[in-house]
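Below: one structure in C-alpha cells.
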Amino acid sequence: MRDLIGRLSTLRHFDLAQSWRSGMPHYPSHPPYMRSLTKLHGDFHLDNGASSASDAISLGTHTGTHIDALCHYSLNGHLHGGGEVSDLQDWTGGIARHGAETMPLFLRRGVLLDVARVLGNSPLAPDTAIGAALLERAEAAAGTRLERGDIALIRTAWGQYWGEPRRFVNGLRMPGVTLDGARWLSERGVAAAGSDTLSFERLPSPRMEVHVHLLVEAGIHILECLALEELSAARVSEFLFVAAPLKLEGATASPLRPYALAETEPRP
Amino acid sequence: MRDLIGRLSTLRHFDLAQSWRSGMPHYPSHPPYMRSLTKLHGDFHLDNGASSASDAISLGTHTGTHIDALCHYSLNGHLHGGGEVSDLQDWTGGIARHGAETMPLFLRRGVLLDVARVLGNSPLAPDTAIGAALLERAEAAAGTRLERGDIALIRTAWGQYWGEPRRFVNGLRMPGVTLDGARWLSERGVAAAGSDTLSFERLPSPRMEVHVHLLVEAGIHILECLALEELSAARVSEFLFVAAPLKLEGATASPLRPYALAETEPRP
Amino acid sequence: MRDLIGRLSTLRHFDLAQSWRSGMPHYPSHPPYMRSLTKLHGDFHLDNGASSASDAISLGTHTGTHIDALCHYSLNGHLHGGGEVSDLQDWTGGIARHGAETMPLFLRRGVLLDVARVLGNSPLAPDTAIGAALLERAEAAAGTRLERGDIALIRTAWGQYWGEPRRFVNGLRMPGVTLDGARWLSERGVAAAGSDTLSFERLPSPRMEVHVHLLVEAGIHILECLALEELSAARVSEFLFVAAPLKLEGATASPLRPYALAETEPRP
Amino acid sequence: MRDLIGRLSTLRHFDLAQSWRSGMPHYPSHPPYMRSLTKLHGDFHLDNGASSASDAISLGTHTGTHIDALCHYSLNGHLHGGGEVSDLQDWTGGIARHGAETMPLFLRRGVLLDVARVLGNSPLAPDTAIGAALLERAEAAAGTRLERGDIALIRTAWGQYWGEPRRFVNGLRMPGVTLDGARWLSERGVAAAGSDTLSFERLPSPRMEVHVHLLVEAGIHILECLALEELSAARVSEFLFVAAPLKLEGATASPLRPYALAETEPRP
C-alpha cells in the first residue's frame, strides 16, 4: 500500500472542475446555483472566543461540472437496460434505477482528445460538428488508442468562456459531439465521455441523439462543464482519471470534482 | 501509467458515504436535504421517442457525508493562519479564505481507528469520550502507526443508526473525540480526521474545542457522517483514501463521496 | 372602521390559489417546488413536553399561483417606463426597478370573464385564441363593464387539470389571450389580468407578445395558475379582489394567495 | 360592491412586511433566504426584441415576516385540538393537520398595542417582559378594547434593528410577550397576535410557553418580524388588517405580506 501511495504522490494533479458560485453559467432549464451563509462568524460566540459559519446551497444536479447518471434519458419510455420508466419515477424520490447513487468511484485511465488543438487551438466555432473522423484525428494526436473502460475527455476550448455565462451558454448553440462521434466512442467502449461545454452534444440537437445513444443505448456516462485548459496546456494526453459522484438517491446527475493525475514529465 | 492503473484495479472499493435522500438525518441548525425532479420522463417527447428527467436539490453544506473546510470555525475573530474573519465574509460570497474550493483531492493513506471494535463492537454509548488513550488502543489494534499526512477515520458504529434520524441525532448527545483526542491526532500530523457521527466531536461540547483545535489551530479537516460499517466488517485497517470536495467557492464545507481502497486480502 | 369590517364580514370568500406541494405543475424553465420539514415534532422535547416542527421550501417565483412583476419582461433592452435593463440587473440582487417588492396590496374590484362558460363550460381546446371579441362576449355575460383599475380574471377551465401536471402543462400548448385580447384589456385600463393557465398567453407564442404588451408597454400585471372553478360555479361576476404579493426584493414575480370576496347572494 | 370598494379606497395602506433579500435576519435554526436570477434579460432574445428574466428562491417558512400555522408546536405529542402528531407528520408532505394551507384570508380589525411608545418609544431592552399589565397599559393608550377575533400587533420597536441582522437576532435574547401576556391575549380572544421581533416571545424561553399556549392550547396564530414603525409613527391604533398566507400544504408557517388599512385622519 505504501509503495502504491508513494507512486501516486509523484503524479501531478489537474483539477477538472469549474467552481460553483452565484451567477455561474447554467443550462436554462436547470435551476441555477444559489448559496448563502446560514450564519456568519461572530453571530454567536462561545465562551472560549470560538465562532462558526455555515452555508446553504441549492442547485440543479446538472448545474456546473457534473456527470449524467444513465437514468437522465429514456427512449420510447425505457431506460438503459430496459426498465419501463413510468413505473420507476417519483417527484420526491427520483428515478428508481440507474440513479446517481449507483455511479461508482471512477479511477480509470483517461485520454484527452484535444479537438481544439487539432483544429488550431482556438475555441471551436459554435457549429463545429465533432464526428468520428475528428475524434480519430485527436486520438492520433494524443498518441494512444482509447480502450475499453477508458474515460474520453473532449476539448473544444469553450472552457475559456466559462467566466462569461452568456457566451458560454450562447443561446444554446455550441460545438460538440454528433451521433457519428458518439457511435465512435461507444465502439471504443469508453466508460464515460466528457467535454468542456454545457451540453457535450452539439447544439441545437432536436433529437438529442448523442445523449440517447450514450446514456440509453450504450450505458456510457456523460460529463459536462469540465475545465480542460490546464490539462491541454500541459500537453497531457493520458492520465489517471479520478472522480466520485455524490450518492444522491434517484438523481439524474451529480455535481462532480474530477481530477486528472499525470506523470510529472508529460510527453514533449 | 498502465501498470499503476492495473495495480489500482486490484483494490477493493469501500464506499464511505451515506446517501442523500429526503428525511435523512441532519444537524438541526443546518438546512435539510430537499430534492425534486424538475421534469419527469414523458413530460416532453422528442421526435425519436427520447425523453429526459432532471432534478433540483437544496441542502446545507454540512448535511450528509461531508468535509469541513478550515474556514468553518474561527477563534477570537481569526481564521486558521491568522486572517481577520470580519473582513473575509459575505452572505452570498461566503468566506474568502480557506473556502471549500481550496480543498484538494485527497489521495492519501487512511487508517481506520476502530474504537467501537476495541470496546466490544457495539455502537458506543452517547457519553463515550474518545481521548488519546482510546485512540492509541485503536491504533495498536490497527497494527499500523498514523503518520504525517494520513487520514484518520474513527469508528463509533453510530453509522448503524443512520436509517433512524432521531436516534442518529439523539438530541445532540453522542460519542466522539475530546480535546485530548484531538491533540493526539494533531500531534500525529494527520491531514484530516473523520468519524461516523454527526459531529465528530463528543456532544454536548459547549466550547466546540475539538473543532477549534483541529480546524483553526492545527489546519486539519474534519469529516462527518461517514459510513464505516463495511470497512470495519472487512477488518481493513490501512487503505488508500480517495475523496474530492466539490469546488464550492467560499463554502464552509462540501458534501463528499469518499472511498477507501484496500488490498483484496485484508489481514485476518 | 367597525361598520366597514362588519360589511366585509358578510362577503363570501373564494380562494383563488392552487396549493404548493411536491410534484405540482410548473413551467419547465422555472424551478419546481421543493419542501422538507427541517425538524419533526418529537425530535427535541422541552421540559414541559413541548416540541416543534419547521420547514424549508425552494421554488421558482413563477411556480404556482403567482403575479408577474413588471420587470419580468423587457423590450429592446428596456423595462416598462424606459429603464435600460442591462444596468439594472444582478444575479443575487435581481432587478433594481419594478421588482416584486414594489407591487402593492391589490384591493380592487375584480371581474370574472368566464370565457369557458361562454363557450360551453368545458375546458377550452388548447388552440383556443382569446381575442377581443371573445373577451367582449364574456364581459357581456358578466353583466358589468371592466373599468380603469379593475382586475380581470379570465377563465379557461384549465384549472380542472391542475391535479394532472402533464395535462396542465400539455407540452406548452394551451389556450390563452392573444395580442388582440391583450390590447382590449389595456384599453379597458385594468390594473392586472390573470387566468387559470400556466402562461395566461396562448401557447405556443414565439414572441410572447401578450407578456410584452401587458408588462412592458402597458404596465399591467399578469396572474397565472389561478383557481377559478369555485368562483365560476357560484356564478360570481363581480367581486372584491384581495391579494398581497410577497415583498421579494428585485424578484420578477411573487407567489400569491389571492381571494375574491363576493356578495353572499350572487346574481342568478 | 362599488360603494364598499370606494370606501376601502379612502383608507391609507401601511405595509407591515420586511423585505426578503440575501443577508436578511433569520432565526439560526431556520434556513436563510437565498435567491438568484435563473436567467437575465438579454440571455435570450425573441424575434421582436423581447427578453425575460426569472428567479429562484429558497427559504425557511419562518424566515422573514411570517405567520405560524397552528401545527408549528405540539404539547405532549398532540397538536391543537388533540391530533396525535406522530401519525400526522412526514418529511416531504409536512403536517397533515393545521398546515399553512388551512390558514384563511385575514380581513379583520387590528389593534396596535404600542408597548414601546408606552415605555418611552425607544426599542425595548432585551430583557423586557411583556406581561398582562403592560399589554393592558398599551391597550388603554390605544383607546380601544381588543375584542374576540381581532388581530393584536405588539410593538417593541425592534423593527428599527432589522437592517442590522446581528443586532436584530441578538444572540437570541430579545424582549417579548411572556406567558402572563399570552394568557391575557387568549382571554381577549384574538385570532392572531404578532410583533416586530424574531420570536414574539421573550427570549430566552426554555419552555417556549408563549408559543405553546397560543398555538397549541388557544389556537391563536403568531406573526413575527412585522414592520410596525410606520404604523406607530402615524399614531394608528385601530385598522383593517389584511393578510393572506400562502397555500403551502403541510407547512408550519407561511411568509406573509400583511397590511394595515387605516382611516386617513388618524387620531391625533
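Order of writing sets the chain letters: A, B, C and D. Residues in each chain are counted from 1.
Assume a residue touches a chain if its C-beta (ideal position, glycine included) is under 8 Å from a C-beta of that chain, and two chains touch if they have at least 3 such contacts.
Since we're looking at a predicted model, the values are computed, not measured.
Q: Identify the chains adjacent to both chain A and chain B in the sense defined at the top.
A: The common neighbours are C, D.
Q: Please identify the chain with the largest separation between its CA centroid and the CA centroid of chain A.
A: Farthest chain from chain A, going by C-alpha centroids: D.
Q: Per the centroid of Cα atoms for each chain, what is the distance between chain A and chain C, given in Å?
A: Distance between chain centres, rounded to whole Å: 39 Å.
Q: Quick check: how many Å separate the C-alpha centres of chain A and chain D?
A: So the centroids are 46 Å from each other.
Q: What's the distance between the Cα centroids of chain C and chain D, rounded to whole Å?
A: Going by mean C-alpha positions, chain C sits 24 Å from chain D.
Q: Can you tell me which residues of chain A touch two or more of the remaining chains?
A: Answer for chain A, listing residues that touch two or more other chains: 22-23, 28-29, 31-32, 35-40, 42, 56, 58, 60, 91-92.
Q: In their shared complex, at which residues does chain D touch chain C?
A: 1-2, 4-5, 7-9, 13, 15, 17-22, 29-31, 35-42, 46-62, 65, 71-77, 85-86, 89-95, 101, 104-105, 107-109, 206-209, 211-212, 216, 238-240, 242-253, 255-259, 261-263
Q: What residues on chain D touch chain A, complex-wise?
A: These residues of chain D touch chain A: 22-23, 26, 28, 31-40, 42-44, 56, 58, 92, 165-166, 169, 171.
Q: With touch defined as at the start, can you tell me which chain C residues reach chain A in the complex?
A: The touching residues are 22-23, 28-29, 31-32, 58, 60, 91-92.
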